[in-house]
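Each of the next two complexes has chain A plus one other chain: chain B in the first, chain C in the second.
Up next is the complex of A and B:
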């Protein structure tokens, strides 16, 4: 969407981000010291199960974490080199929906049921670009055409309930791209949709990111969605990024036992034969009572004594392609240490 | 038509809901045809999958089979007996042979009952009626053995549902469904509310239980990969009608109905190089309203291969290949 800047340069850099929540039963470290970079034009997937911290990460980026009980306890979110955590609320309002915009999982609760579709799309244009009513409305109709709403002139004056689930999610996307954002954050955008509608929406997002330098952060639990859309992936578990890799590399050679277990446990339509699926034992942990050491260690089939004592450091690996690849697991930390000694 | 091996047979099932208007004088202005004339049978020991998108009628079908939803017309035969023709008393007796596992393990368990009581309740009901000869002690022993079978520590019997995780709650639901040693288990989206790493635990558990207890499954799901993994035969539904029925392997290797082809091509595969090479059939628009009066094939507006005939007649399922039924005029020459 935006033409400023070149593909490939870093646009967003998250450094040691910590987002904690005060709960009755103690401090919950929903996001615990995560760092990642996003390049212009890149589609980054953040994958995890419930409680992994993927949605809180996304809310933290736009400072939308409800405070209290939540607070961003530390770290930096550098957008074009400027720390978003330092600015005032007024600065943040200009970023939200402008340079960084967001689409949510449930398009019904994200749209105002009392306002016409065209008004809701035009609102952001009037706020961020100072457009007049008429101009904003005609731009809104144009956007509805871009995202494939048939008969857009007439449908623009409909209310959200007159649109189907898939069309509402298209409207959310129209609102999100209306101000030509540099980053589009999509939080489980297709989870509430049927598979054929999901395919339509993913195709639309892919098209938008291919034809511009807009970066996409796709937050999802579905590794299939990531495989079709993303350039790189962060896998989150219990508030931490446990593995980061280029998309192809992650699927070809998962390093973390959790990533590997997850990939082996999803049924897929292309699996010839009917071999038994792998199951990761146990359940995702309660963030208020994490075990000592590695959070995945109680479910891990390759746990070692050290895993129960210390949290593994981030080990940088090289996959030859030059893309950043890292894993937090003692299996690889030990390998790396051995290599550096040799 | 009647199959001696069939444990369950559904014949020309229709479930219509009235669409009403008016506040004081309510009048019916139309019908919502949730299930419109479907027939299929489930053989003993097989797992039949019902798949389709939201609103296709798969859950209504399941509820009608379980007699939790009255059919507008048609028959549901369990071991040859028409369930709708039974007296409430007889139905209760037959019902112990078909039990249900529900989708949402959060709302389908009574929050004020302990896990052990939830699992024991079906046995207590039938014991109180005198049709199950089990003492309270035997029921307690059976609860312990069921909890063990579904992978729960029997010492958890005194805990309440909120003390369990989603996967554990679904295990309680499964233990309850198995308490009366049913022949048929109707599983309505049993894993779709669960985390990815828990889904395969539950699917594998259901498979193991099927082998151990010789169970037959009617398995309802929207996730085609899950159905492919679990089911031996699959019924694809669209807008209240059957589009295609086939053995699982045949359906995934040679989908015949244009809808099935589009549906399968839309399922993401967790393999980036493969994903890039796939040709996705993107369907236009949405599923039409099930309340609209319509003629012809339910899929025709979204079908890339629609012909003039499709707007006039409703295609009936024909056997395009042995054991492979498809309701589409593209295959009309090949069978019935």
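Up next is the complex of A and C:
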């Protein structure tokens, strides 16, 4: 892994990122004005339900949003202080798979069925370092060992269909870390896997990030994954970050009613008796026709008149630990205003 | 894997056997022919097929041995259809995959040109191109090749469209691969199967097109034999000497049948939706 720079310094800073899609039924604001920072060595979770914009956020980071119909309409993505949105396609290719790499959701379709595992793992090495065939192959075997594939020498020449789902996701991880990236983006890496394999994959990612200064962005809808792996969390709803907090703080004291709803929807092993599992009423909004004001307000049980009129500002809160904590909700905006007046 | 399924597919194997037979004929013809295929022999004009006379398939109106001419014509027919199909396949596929992958204005431009070519019946288009290029044997290749370009463009574009949104394409891009690399290294190998089927089926139509052009006097020029021009000259003597038409006609039909059987068989083997349906 890369050892340049030290833990804690900001490596990636997303500022007011907007990614829109031109759909037939109107402009879809998949990502609307989001900002967050990622520190070196930090594991950041991005949580939200389907369509909340979490995957688009991360595709935007690598400029892999299909264009058209999508376009990055504004903002900055500062990676080591340089705006990734400014450079040309060639510059971007050096970043992809080199400094920032990505693992995708479905390991069954993320590997080319016609190419050998070793070829695919070493692909980034050949593309970025111009590594020769032999060298790339031995590096691929080495990576397979790192990620815990038994009998790596022999398995390296297998084709993807000879690997199980969990092994393929390991291969995807091997591909992603082959060039010692500084940031690993994992887009729901465990969604398509069963629970035991999920735990192994997460353990692998955690191990890789612990033993280096690699930062991880974990996109998921599974709060269990976040709790197990992440240092801090962004909760997304309808293309916006509604709450950002250190992981422990978020679980201890969720501020946004949406976050609270998500946490209440988790089945608990210690819940007594038989009662129905809580679910947030309503359905996620249509991003092409968002309601005025707060996007969550139609489903919110604590909605106030102002919620339907105006979008809540980002309210920075301090929890004493020094980790950035903010929320976009009128409940807390009012609190903060009251406190500052008092 | 595909090879063993090919072995088990009776239809494909029959087609393959026919094609192998024709190739064997070409190899034999290269070293030995019963008679000189262009040498006239006025003493034996329009002789009926007979073993005793030494003309197994009879002779034509100039006394030339029909079997020798068919064997010679086999080479011409196969080489023309192979190279024409290859030309159409390479150019058409390149156009199709770029159109499918880039999309947008490129796609529109390339596919509208393909549509225009498509709107003419194959034979008419081939005759038209021959008219422009002139009656040369290699122009037959170009004419049939151009007829095939839109067909291969369509097939490959469609296949690319279904694949270009795949996760593995996105994964390769996120690894820092260029679009050209993704297209040729990742996507092209994945669309080879429909292309192989298309090549096999196109070869049979190319045989027919070449014969038709030669029949119309636009293709291979007499005295050099091709199945098409043999049929054309046989037309006048068909009632009198039916063997002059029957044998070249048979040569064409059986080879076309061979390519069609192979193509159908390959499609059954390579198309997973049709597999194990029996």
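Convention: the second predicted complex is superposed on the first by the 335 of 342 C-alpha atoms of A that agree within 3 Å, B and C clash if a C-alpha of one lies under 4 Å from a C-alpha of the other, contacts with A are read in each partner's own complex, and residues count from 1 in each chain.
The definition used in the following text is that contacts are C-beta pairs under 8 Å (C-beta built on N, C-alpha and C of every residue); 3 or more make two chains touch, one makes a residue touch a chain.
Since we're looking at a predicted model, the values are computed, not measured.
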| item | value |
| --- | --- |
| Clash-or-fit label for the pair chain B, chain C on chain A | fit |
| Touching partner for A:263 - first (chain B), second (chain C), both, neither | first |
| Chain A-centred angle between chain C and chain B, computed on Cα centres after superposition, in steps of 10 ° | 80 |
| First (chain B), second (chain C), both or neither touched by A:130 | neither |
| Chain B versus chain C as contact partner of A:305, first or second or both or neither | neither |
| Chain A: partner with more touched residues, chain B or chain C | B |
| Touched partner set for A:81, first chain B, second chain C, both or neither | neither |
| Touched partner set for A:222, first chain B, second chain C, both or neither | first |
| Touching partner for A:289 - first (chain B), second (chain C), both, neither | neither |
| Lowest C-alpha to C-alpha distance for chain C against chain B (Å) | 6 |
| Footprint overlap on chain A, comparing chain B with chain C | none |
| Complex contact set, residues of chain C against chain A | 104, 165-168, 170-178, 181, 185-186, 189-190 |
| Residues of chain A that touch chain B when the two form their complex | 49-50, 150, 164, 166-167, 194-200, 202-203, 221-228, 247-248, 251, 261-263, 265-271, 274, 276-281, 283-284 |
| Chain B - residues contacting chain A, complex | 53-54, 165-168, 195-201, 203-204, 207, 222-226, 228-230, 252, 262-275, 280, 282-283, 285-287 |
| Complex contacts: residues of chain A adjacent to chain C | 62, 64, 66, 68, 93-98, 101-102, 104-106, 109-115, 123-124, 127-128, 172, 175 |
